[in-house]
Amino acid sequence: MSGNSFGTIFRITTWGESHGPAVGVVVDGCPAGLRLSEKDIQKELDRRRTGRSRVTTARKEADLAVIHSGIFKGKTTGAPISILVKNRDADSSSYEKNRTLFRPGHADFTYHEKYGIRDYRGGGRSSGRETVGRVAGGAIAKKFLALEGLEIFGYTTQIHDIKMGSFHRKEIERNDVRCPDKEAAKQMVDRILHFKKKGESVGGIIEVRAKGVPAGLGEPAFDKLDADLAKALMSIGAVKGVEIGAGFQAAGLLGSQNNDSFVPEGAQHQTTNNAGGILGGISSGADIVIRAAVKPTASISLSQWTVDLKGKKKEIRVEGRHDPCICPRIVPVAESMVAIVLADHWLRNRAARL
Amino acid sequence: MSGNSFGTIFRITTWGESHGPAVGVVVDGCPAGLRLSEKDIQKELDRRRTGRSRVTTARKEADLAVIHSGIFKGKTTGAPISILVKNRDADSSSYEKNRTLFRPGHADFTYHEKYGIRDYRGGGRSSGRETVGRVAGGAIAKKFLALEGLEIFGYTTQIHDIKMGSFHRKEIERNDVRCPDKEAAKQMVDRILHFKKKGESVGGIIEVRAKGVPAGLGEPAFDKLDADLAKALMSIGAVKGVEIGAGFQAAGLLGSQNNDSFVPEGAQHQTTNNAGGILGGISSGADIVIRAAVKPTASISLSQWTVDLKGKKKEIRVEGRHDPCICPRIVPVAESMVAIVLADHWLRNRAARL
Amino acid sequence: MSGNSFGTIFRITTWGESHGPAVGVVVDGCPAGLRLSEKDIQKELDRRRTGRSRVTTARKEADLAVIHSGIFKGKTTGAPISILVKNRDADSSSYEKNRTLFRPGHADFTYHEKYGIRDYRGGGRSSGRETVGRVAGGAIAKKFLALEGLEIFGYTTQIHDIKMGSFHRKEIERNDVRCPDKEAAKQMVDRILHFKKKGESVGGIIEVRAKGVPAGLGEPAFDKLDADLAKALMSIGAVKGVEIGAGFQAAGLLGSQNNDSFVPEGAQHQTTNNAGGILGGISSGADIVIRAAVKPTASISLSQWTVDLKGKKKEIRVEGRHDPCICPRIVPVAESMVAIVLADHWLRNRAARL
Amino acid sequence: MSGNSFGTIFRITTWGESHGPAVGVVVDGCPAGLRLSEKDIQKELDRRRTGRSRVTTARKEADLAVIHSGIFKGKTTGAPISILVKNRDADSSSYEKNRTLFRPGHADFTYHEKYGIRDYRGGGRSSGRETVGRVAGGAIAKKFLALEGLEIFGYTTQIHDIKMGSFHRKEIERNDVRCPDKEAAKQMVDRILHFKKKGESVGGIIEVRAKGVPAGLGEPAFDKLDADLAKALMSIGAVKGVEIGAGFQAAGLLGSQNNDSFVPEGAQHQTTNNAGGILGGISSGADIVIRAAVKPTASISLSQWTVDLKGKKKEIRVEGRHDPCICPRIVPVAESMVAIVLADHWLRNRAARL
């Protein structure tokens, strides 16, 4: 109830603070019989890891996943899977200085107001480090979905005002911003480094695509597939907007432009995909396409105005190690959230008919 | 689990089909002692009602709310509140003709795939008529929140490519599109009527604002206030995108532009509100501002290509009575969903501290 | 969250007060494609109805079930099923007199303390009339389970100190106490009438048996099948104890006496059934056998001591129309709760394996 | 959904197998500001620990609790509290021999049927070792409730056919069976040792009492306080029956005998407590008294008949280290479950009124 669990049948519960001894996740509801090892988890955690390029934070975490339960002889047993990742490179020193100040754009003020107590070291629970558990859970969801022929991948479509122009899937993991357009990627990296030097951060847009989703996933009314996906992505720290298919563009279209016609081959084939693969909250069989707007990282080293615990005006410089643009690292997190939603609805859908 | 309930403590469960005998809602978890009458519900249902202007469908429903439980001597008792609204003007005749065809942009195909059986009269469960229950539940949430000083109101900011230029709150309920800009409203109405004549429909954007929200609402990780709001709005039929505060604009900003500085007066006062009133998933005390992209109504009377139950190519003309633009009627629905999320988190927040 | 819903996938939400206009239930999560009519519901409601014999209350309710949603052409569609039953014979006059007194054994005092407001007419929400919704929901669960070969039936095994001696299933519905032992049934009826004349009430024990349950229903740890069944039965107003299989008798046994040996035929065949069909919280394929202790009805016409709203000592005589022994009418309610738990776990079990 | 979580606002999720690397729990929803250290957890884990007396198993586990999250400067922060306890003395050798046989009274057969895969080492997930997480979670619930003046304690009232005759609270923790009657305790220990020598096990009854519970905890209809308590206790492995207050005795009483009269002093004072502190599912302010029937441990070293994976008749001797009577060790587990239910309903009750 306190909001640290997600999913109904396939359900993850994450725990841990940025500068505590470890972070982790309990995955409950994974079907029995799935071949699973720590390597499956590690592969995805490595994609999320820091310190891998010039455009991410300098904090270096090996992020070694240890599975503590739920696996026997290399397969899931139906029991909850507990995964723990130790924090090794936490450095709380820079946070002591600002512990009485509320960093603009961060959760410092709101946590203080809500709880009356706040772990100010690295953002505590509100840190992006919480997403380690999401990615570990997502790795399991992906493994399950892959058996069913589903494939989920994400990429950056925009950084600051630079937009992806072409799409080459192989490019995605070859550049530091996970952009499927090689040229745009170069410009994006330059843009990030340009503003990083100035102590700034930049925002962007990422997109996740799910291929091979069968028709029928999603529930009517409130647990529509797109509603659950929207919650899933909006629950990622820096995300300020989510859209499916044509999204906000649909606002400017006419019905005849926006409706995707059905065409004979297999019925789920459509000429266009403005719906983003979801009709009436239920998957249609077309690719699911969803985008998230990512705000510029709140931590910048420029001087900003804020207040302290007593409400007095203060100047603040946020030190510590930060990502100048979080988009590339949000990609695996967003993929994970999409995978968890799809795995959950896959299992929910088993109860739809006699 | 089948997705017809929403909320955790303050929780609504809607039921009913477009052409069934009635639609309704059960509201569970409303605190005891709230003064409540059918008038409170009716007032909001009337705002959602059809047949009130030239830009809505011709279907005419009185939408009379009858409370069947949970009230004693004019006050809530803590027991579930069951509200029923009869369907009186349903006309299923036009749906018989197309009962073997999948209407483009509608849930016909996906419901068929999911359930193997489909109430094709007026869209059945996937009809916008389901939102009657949301608005009835939202009316109760609003009444509760009003006691606490919260106020929630929505309006249309864009229809097709016409955007609101100025904001005059009093204008909102004075025009047929619920736009706070009198001049833009006129153009919007004209635009809708223009395309209505052609058998078309148009999309738009609506915005909801909540004033007087205290700091502290929302839970960490997954049940962030913005995540729950995103799900709430995305669960409304025609919505294809949701954004908070600066939303997708934030993608093009720098950290120093996007961060809202804190200023001394009461600490929650900020110079800007790019965050839309939510930091780290928890309300900051600033206004909550959230927008939804609304697609053009899927029902258009132009000829479209589709397939039938057997996958054969067919031409379809969707008759029946439809809204050429659903934005004005989505406004009270969106307000209701926001109210339900806030009422729920208000009650959840009571457990945050010792 | 306010406790008026039960089940996870197959989920009922009941609403309504004893002397309000109606009571009802919303059943969400029933699989699509189940043949269902009002007759299926009515048959079970009739078994629960009052005024059918000398040992039940004089309140006469036709209890006509009206289905408002979720059915199309005689089959469930996967949409929520809303059922409403009007209250017709409510007589609130006798409650006015005692409205400032707390009836011993009733929820008057605790509702007053919890909510600060109380619908004192007929017990309001705490009335046994709430179980109409359970029985309606249970009727659907039974219909679903019957397709899968499950059969659920209950009976009275003890009234006051008279215990069932023999078991003849056909006898159950032939006598007024639903006892499978004709002779014991006669004595039970006499005993009830004897004490009814004196203004007293009597308690008893009922048992529910489920045959044809496959092995594998139930979840580890907390949602064990027996745990959910215990909650299901204990949530019925007058129930003060629940036991599975050997139950409290097991406390006096040795391991070698209590363990049920497995025997070759089909593996789930066991020589004894002390486990009551559940091992480690999961069904074994043997009959599920569960018992509930039913307290004597709290409403008696003898004079009792109590206090009023101000805490002053008062004498009270509870008038109105009451069941002198609630066991026979609890039987269909208990069957319904067992059916709902089994239907829910049947569907949950679909997610257990790849 | 897979049943490894319990509670709604105060919610625990346990994980881990008997012979895996560790067991643990995530406690979500504990209010911020509670002073908490590993000592608070350890104190309760030590009460549950094995190897402390002649009547428990020889397996020796230090059961050292390590808190990994949710605490800052000695207080809870509102973030989830993750606790891990390593398994150190697991010895899987004796389980290899019987890995193809289903132990009578155990979950071997049902897990096999449900999941198609089974961690047979020490019972895997179905082991009593899972309760480590419950006791750790219960320790936190107790600490929270103690601040509010609640006190929860349990004891053994019966072993085999030896019943407690007198009640001296101080005796409870002084003897090996946790019986409040010194003389009965001696006989109980002798009885257990007598049958232990023979390779047998014995059952019993335990009781938990909660003092200082305010009136008003519990929700109407399904989440009645007694319903949630029944589920809580029945979810403990060896429990086969649960009763509140007079429990099964109430079946033989008359209404005038069973009803507890209210008396003036504070209104919640009653002359008797047949209701066990709960009326209409809501606490009355009287002590909550609940009992659980505990079956004789399924593991006995006598020869038993069973079948193997292929359904063939086989003789089995269950070796390994087992408790000849689990009652004394179930006492802290049962207390923990009661504490978790009360903490959860304490927090839920904060939403009952305006």
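The chains carry the letters A, B, C and D, assigned in the order they are written, with residues numbered from 1 in each.
Operating definition for what follows: a contact is a pair of C-beta atoms (placed from the backbone, for glycine too) under 8 Å apart; a residue touches a chain by one contact, two chains touch by 3 or more.
These numbers come from a predicted model, not from an experiment.
Two copies of one chain, chain B and chain C, form a contact in which over half of the residue numbers belong to both partners. By residue number, the contact pairs of A-D overlap by more than half with those of exactly one pair in A-C, B-C or B-D, and this pair is B-C.
Mean C-alpha position of chain A lies 46 Å from that of chain C. Inter-chain centre distance (chain B to chain C, centres taken as mean C-alpha positions): 38 Å. With each centre defined as the average position of its C-alpha atoms, the distance from chain C to chain D rounds to 26 Å. Listed for chain C are residues 1-5, 8-9, 14, 29, 32-33, 78-79, 111, 114-116, 125, 220, 348, 351-353, each touching two or more other chains. Viewed as a contact network, the protein chains are fully connected, with every chain touching every other. Against chain C, the residues of chain B that register as touching in their complex are 1-5, 7-9, 11, 13-17, 20-24, 26, 28-29, 32-33, 68-70, 72-73, 75-82, 84, 111, 114-119, 124-125.
Listed in rising order, the residues of chain A touching chain B in the complex are 1-6, 8, 14, 102, 104-107, 109-111, 113-116, 125-126, 130, 158, 160-161, 195, 200-205, 215-216, 218-224, 226-235, 237, 240-268, 274-276, 278-285, 293-300, 302, 304-307, 311-313, 348-349, 351-353. The touching residues of chain D, counted against chain B in their complex, run 8-9, 29, 31-34, 78-79, 144, 147, 220, 347-348, 350-354.
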